[in-house]
Amino acid sequence: MTSASCMQVPIATAQAPAHATEADAPVAGADPCVASAGIVGGSGYTGALLAELLLGHPSVKLAAVSSETFAGEPMQQHLPRLRSDLAFCSQADLGGVDVAFLCTPHGDAAPIARKLLDDGVKVIDLSADFRLDAATYNEWYGEHPHPELLPGVYGLTELHRDEVAGADLVANPGCYPTAALLALAPLKQFGLADVIIDAKSGVSGAGKSPKATTHFCSVDSDLVAYGVGSHRHYPEIAAGLASVTAKGGYGSAPSALGAAPGAGPAPSLTFVPHLVPLQRGISETIYVKPATWPLPTQGDLMALYEQFYAGETFVEVADAPPALKDVAGTNYCRIFPHVDARAGRIVVISVIDNLMKGASGQAVQNMNVMLGLPEHEGLV
Amino acid sequence: MTSASCMQVPIATAQAPAHATEADAPVAGADPCVASAGIVGGSGYTGALLAELLLGHPSVKLAAVSSETFAGEPMQQHLPRLRSDLAFCSQADLGGVDVAFLCTPHGDAAPIARKLLDDGVKVIDLSADFRLDAATYNEWYGEHPHPELLPGVYGLTELHRDEVAGADLVANPGCYPTAALLALAPLKQFGLADVIIDAKSGVSGAGKSPKATTHFCSVDSDLVAYGVGSHRHYPEIAAGLASVTAKGGYGSAPSALGAAPGAGPAPSLTFVPHLVPLQRGISETIYVKPATWPLPTQGDLMALYEQFYAGETFVEVADAPPALKDVAGTNYCRIFPHVDARAGRIVVISVIDNLMKGASGQAVQNMNVMLGLPEHEGLV
Amino acid sequence: MTSASCMQVPIATAQAPAHATEADAPVAGADPCVASAGIVGGSGYTGALLAELLLGHPSVKLAAVSSETFAGEPMQQHLPRLRSDLAFCSQADLGGVDVAFLCTPHGDAAPIARKLLDDGVKVIDLSADFRLDAATYNEWYGEHPHPELLPGVYGLTELHRDEVAGADLVANPGCYPTAALLALAPLKQFGLADVIIDAKSGVSGAGKSPKATTHFCSVDSDLVAYGVGSHRHYPEIAAGLASVTAKGGYGSAPSALGAAPGAGPAPSLTFVPHLVPLQRGISETIYVKPATWPLPTQGDLMALYEQFYAGETFVEVADAPPALKDVAGTNYCRIFPHVDARAGRIVVISVIDNLMKGASGQAVQNMNVMLGLPEHEGLV
Amino acid sequence: MTSASCMQVPIATAQAPAHATEADAPVAGADPCVASAGIVGGSGYTGALLAELLLGHPSVKLAAVSSETFAGEPMQQHLPRLRSDLAFCSQADLGGVDVAFLCTPHGDAAPIARKLLDDGVKVIDLSADFRLDAATYNEWYGEHPHPELLPGVYGLTELHRDEVAGADLVANPGCYPTAALLALAPLKQFGLADVIIDAKSGVSGAGKSPKATTHFCSVDSDLVAYGVGSHRHYPEIAAGLASVTAKGGYGSAPSALGAAPGAGPAPSLTFVPHLVPLQRGISETIYVKPATWPLPTQGDLMALYEQFYAGETFVEVADAPPALKDVAGTNYCRIFPHVDARAGRIVVISVIDNLMKGASGQAVQNMNVMLGLPEHEGLV
C-alpha cells in the first residue's frame, strides 16, 4: 500500500475508480500513522482477524503479515475478506515494525519474541508462552525455552492497564480466562471460597486446523464437554484468581488462590469447558461461594460491578443474562451478576467474542495502550 | 387405519402398491395389538413425536389424535412426516382408547385427565400438572384445579418403575429433571450437600409457538441463560432430589431435600438453564459437594454408577463426556460421572434427547410398563 | 449525543472514563458532520443495522430513530449492540434531519415519504414502494397511495449512480434483485434469451417478526423453496432486466425485457428463492442462455466482467465460486461468471449480505452518493 | 450377538436386565432371519448408518462390519449410537455373509466386489465403481480395474426394480442422481430439451474425513457452489437421463441423452451442486424445457407424477415445495412438480436424505428387493 492514509481504504478506491468523485480522493496532509505493525502467523483465525482490524485502524499501519505456508502469495487469495494488496511474507522478513503480534502455537512464540525484543520491537503474544510463571508453565506445557522472559505482563487490559502501558512484552490472555477474570475481579472483597466456571465456547476457539472434532457434522446439533479437569486454561485462571484476590503480582503460584486479606485458604476451583455449535463467542456461567458473609443484596451487587467498571469502554454490566449476540464481532465483555439467595451463592454470567476480546481485539486494545493511543481506536 | 397390523405400515404399501410383491402383503393372523392409544394435543412437538413413535409401535395402535385447531384435517397435511391417513379429531371424540397421552399446556391437562380417568382411561400427562404436591404447585403455577389427583405417580421410569406399573395416572417428568435426577440418584449414599445444575437445552424445549426468543436469527450463533433462579423445573428437581435422597415419597416438600439418613440439612440447589442453537437435546453438567467424605475414587464412582444402572436398557454410563449425538433421536440417557479431586467435588454430565427421554420417549416407556409390554418396544 | 464528533464514540468513553488518558479526549475542532440522518422504523433488522452503521459514520450524524412500539425507550434496551444513548422517538418527532431512511412495510412508506419530501428531507426508502411503475405495483401490491412519486430513482448504485446523485427520493433495491442485476448487467451485450435465478437466502430476509416459518426448529437443518412463481421480487427483477438490457428507463413494463438492440423478444425469466439455515446472506446461481452467439470463452467472459466493474469499490469479480463469508457483514457483491460450454450456457454466481448490500449498506452507499461523500464512508 | 431374534434388541435388554419383567424376554420360536449381512468400511457415515439400519432390521442379521483402522475394537467405542456388542473385523474376515455392502472409496470397491462375487456373496456397492460404462468411468475416474463387471445393475430401485431383483451386483446410485432421476423420470414422455439441476447438499455428502471445507467454521453461516462443471455425478446423471428418456439400457453413453422416441437431440444438461450448512439432506430444484409442446397444465402434471409413482412406498408427490425435514432420517423422496407457464418451463423440486435414500437407505431397499423381502422392511 502506498496510501498516505493509515486507515487503508478499499483497494478499488485506492486505485482511482472510474466512477470516483472528488470526494473519494485520499485526504492530503500529514501521515496519521504513529506506528507500524506486523503479524507473525497470519493465516489462522486470530492472525486473519488481527489483519482485518489493523487494516481499518486509523493510527497504525499494517506493514507485514507472515505465513510460512503461504509466503509470497497475496493475502486476499487465501483470505478474501482482507481487501488489501499485501502478500504474505516469511517471518524472517518481518523486521522493522514497531510492534509485532505473535499468532503462533505455544512453544514457537517464545524464541520469536526473544529475537524481536532484542531488535527493539514491542511484542504482543497471543499464545500461552508468557502467561504463566516458569514452574506452572513447565508443569502444563513442558520446559519453557526462554524462562528469563517469564512472566510477561498479563494483558487483561482493564485489570493491568498501567503495567501494559509500560511493557515491551505483553502476554495476551486466553479467551476463557478473560471472560472469567473480568467476571470475578469485582468480587475480590468477599474472598472466593469456591468457584465453578461452566464455560461454553464456539468452535473457532479450537483453531482452524481441520480435526474430527471440528467437522461440521460432528459439531452441528451437538454439544459436548471436553478437557474436564485438564484444560490448559485452568492454571491461567487459577493464577489470575490469585492475582485478583491477593493483589499479588500476576503469575504467582495457584497456592495463593483466593487469599483475600484475612480470608483464609485458596478457593476450590473447577473449570469445565463445553463446545457449542456456533463459530464465535464464549459464555461462562460462574458459581461462587464467597468467603465472607452475608451475601450482598442484588442491588448492592449490581452497584459494586457498575462502580468497579465505571468508565471502562469495553466492559458492560447487564441487568439480565447477556447474549453472545450482544458482543459478537466486538471487543466488549458483558457481565450479569446475580445473587442466588436461596442457595447462598453468587452467579455471574460473562460473555465475550473469543476472537475479539478473547484474542485479537484485546491484542489491539493492548497495542493502543502500549502506544498511548485512545484505547478504543480501531475497535468496535 | 383398517390394517390388522399394529405396526402401521407406510400408507402406500397398505394401499397395495402396483409394484408390490407377495412379500409386501400384511401378515395374516392374530392382531398383535394389545391396546389402543390416543393423544390429546397432537400438533405440538411432543404430540407429533408421540404420534410418530406410536405409528411404529408393534403392540399398540394409535387410534386418535386430537387438535382443536386442526380437527377434521388430515394429520399428514400439517405433519408431513406422519405417513398415516389419520385425521385430527376433537378432544371430545377421543373416547374409547385404553391409554391417553396429554400434550396440553399445564392447567389444561388436569380437567382432561379427571374426565378420562373417570371414563376408565389410563392417563400419561406430559404437562406439569401432576408432578408436584399441591402446595408447591400452587406456589409456582397458581391454584391447581384438581388437587385430589395430586401427586400423580412420578414417571421417571428407572426410579419409579413399580409405581408406574400399577398406576392409572402417570406424571411424565420434565426434561431437565429427567436428566438431572438420573444423574444424581446414584449419589444418594453420599448425601448431597450442594448441587449446581448447569443445563443446556435445544430450542424444541421452548415449544412450537413462534416467539421472538425462538426466531432463527435470535437463536442461531447465540447462547443465553434464562430463567435464572425462577425456572419452573426448579421445584420439580428439588422435590425429586428429596425423593431420591430421603427415599421418601416423591413430591414431598423441598424442605426435606437431601436428607440422606443422618446426613443433615437439605442441599443448596442452583439450576441455571441455557438455550443453545440446536433443535433437540439437553446436556447438564452437574457439580456436587457430597455431604459425607472422603470422595470416592474415579474407579469406585464408575463402579457405583454401573451397578446402579445395571440391566437398565435406557441408561448408559460413559467413561468420557457424552455427546448429544450419542442419544439424539433415542430414549437413552448417557451419564459420565467424574471425581474432581482437586476441588473436592463430583462432576456428573448427563445427556438426553429432550423430546424423547425428556418427553415423548419416556411417555411411551411408561406406557409399556403400565401395559406390561417390553419396556423398549417402539423405542430406539 | 452531544458529542461534537460525528463518529460517535462508545458511550463509556464519551462519559470521560476513569481510566481515560489524554488521548481519549474527543478531538476539538470543526464539526466533521455534513448532514444529519433519521431512521423511520428502527426496531427491525434493516433499521437496527442502519443505526449501527450510521453511529460509526465519520461524516453523518444519526439524529433520530423512530419506533412506534418503543417510542421513549432507550434504543440500547432493545438493541444492546447499539452502544448509544439515543432513545427511540415517534415518527412524528423525526423532523429536521437532512436525510431519512424508511424501514417500514410497503404501503406505509409512501405517505411518510410524501410528507418528508414536502418538508425538504431527502428520502431513501427500503420498502418496495418506489421500485416499480404504477401499473406493475398495483398488480403485485395493490393500489399505490402516491403514484405521482413513481417510479423513484432505482438505487442500485453501480448501475444508476448519476441518477442517485441528483435524487431526492431513492428506491433502495430489494435484496434478490441487487444480487441478480449486478450479476446480469455485464451480459447485456449478448442479449438474454432465457434467465433462471436460483436464489438462496438467509432467514433475516424474512424479517424479525416471529412466524412458524422462521422458528429455529423449522429452519435449522432444513432448506425449502418458497414463493415459487409468485415472489414479489420477480417483477422488480424483470423490470431491472428490461432496464439493463434495453437501456430504457428503469421501471418500464416487463414486456420490454431483454430487448437488446435488435436482439428480439424478452427473455423468459424464472426466479425461485430458497430459505437456507443461516442468518445473513444471499447466493444466487443464475443460468443464462444468451440471445446472440457464439458463447464467449471463459477468459473473455472474465475480462468482460472485470472491465465492466473496474473501479467499483463494492463489486468484486472472482475466479471461483464465492462464499457468503467473503461478503458477510460487508457491502460487497462478489460475482463469479462461468461459461458452461457443454450446455451452451453462461452460469453466474453472485453473493451479497442481504442486510448490507441488499438493504442497509446500499442505503448508506446511496446516501453517500446523494450527499457527495466518498462512496465507501461508514461502510466495510 | 447370540439372540435368536433378528431385530437385535438393545444390549442391556439382551443381557437380562435386573428390572426386566417377563414381557422383556426374547420371544422364543423360529429364527426370523432370512439372511446375514456384512459391511465393508463401517466407520464412515454410510457404513455406520447401514449398521444402525441393519441392527434394527427384522429379517436380516448384521453379522460383520469391517474397518481396517479399527479392526478388533468394539464398534460402540467409536460409534456410540451403535448399541451392539459387535467388534470391527478386518475385511478379510467378512466371509460367509449372504450379502455385503461396500462403503469404500471408488477404486477400492471393484476388487473387493470381484472377490466377494466369486465367493457367492451378493454385493451392493455404494461407491461409484459400478455405476458407469467403462468408457465413461475411465474418463472421469481413471482406468477401471474390473471392466468385466461393468455396468452393474443400477440400483435406483423404483426405476430398475426387476433388474435389481435378479442381480448379484448392484451399483447403489449416487445421492445427487437419485434425487434428480426420480424427479425427471415422469417427464420422459415430453422429451427433455434442456435440464438444469441446482442442487443443495448437506455436509455429510462430503464424507467424514476432516477437511478445510468441512470445518464447522467454514460451513456454518455459509453456502458455496462447488464442482461447477466438473462434479463426478454429472456423467451419472447424464447416463441416467439417457436411460430414463431413451428407455435404453442404463449406462449407455450420454450422447443418447434425452432421445425420447422422435424427440431429437440430447438435452443440454447443467448440474451445479452447493454445500449448505446442514448435516443431512439434498434438495434439488430442476428446471426443464420439454422437447415437445405445449406445456401440461399444473393439474395434468400433478396427475402424471401421481400416476407414475402410484403404489411406490418411498416416493411421494407433494403439492407444495417439500422441506428436507419431511424426509430427514427416512428413505423417502418427496417431489413437487410445477408448471412455470410464464417462462415456458417445468420446475421440479426433489428432496431426499442423502445418507438414506441417497445411500444407505436405498442400499437396504435394494437388499430387500434382492432377497425377496418386503421392500420397506427395516426402513422408515
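For clarity, chains are labelled A, B, C and D in written order, and residue numbers in each chain start from 1.
Heads up, the rule we're going with is that a residue touches a chain if its C-beta (ideal position, glycine included) is under 8 Å from a C-beta of that chain, and two chains touch if they have at least 3 such contacts.
All values derive from a computational prediction rather than experimental measurement.
**Q** Just to be sure I understand the contacts, which chains border both chain B and chain A?
**A** Intersection of chain A and chain B contact lists gives C, D.
**Q** Higher C-beta contact count, C-D or B-C?
**A** It is C-D, judged by the count of C-beta pairs in contact.
**Q** Looking at CA centres, what chain is most distant from chain D?
**A** A
**Q** In angstrom, rounded to a whole number, how far apart do the mean CA points of chain B and chain D lie?
**A** The mean C-alpha positions of chain B and chain D differ by 34 Å.
**Q** I'd like the Å distance between the centres of chain C and chain D, where a centre is the mean of that chain's Cα atoms.
**A** Roughly 42 Å separates the two chain centres.
**Q** Where the centres are mean C-alpha positions, what is the separation of chain B from chain C, in Å?
**A** Centre separation, chain B to chain C: 47 Å.
**Q** On chain C, where are the residues touching two or more other chains?
**A** In chain C, residues 218, 220-221, 277-279, 322-323, 325 touch at least two other chains, as defined above.
**Q** Would you tell me which residues of chain C are touching chain D in their complex?
**A** Listed in rising order, the residues are 194, 196, 198, 200, 202, 218, 220-226, 228-229, 268-270, 272, 274, 276-281, 283, 285, 287, 321-325, 328, 338, 340, 342-345, 347, 349.
**Q** State the interface residues of chain B toward chain D in the complex, per the touch definition above.
**A** 9-10, 12-13, 15-21, 23-24, 56, 80-81, 83, 158, 161, 220-221, 310-314, 318, 322-323, 325-326, 329-330, 332, 334, 372-376, 380
**Q** Which residues of chain C touch chain B in their complex?
**A** 45, 203-204, 208, 210-212, 214-221, 277-279
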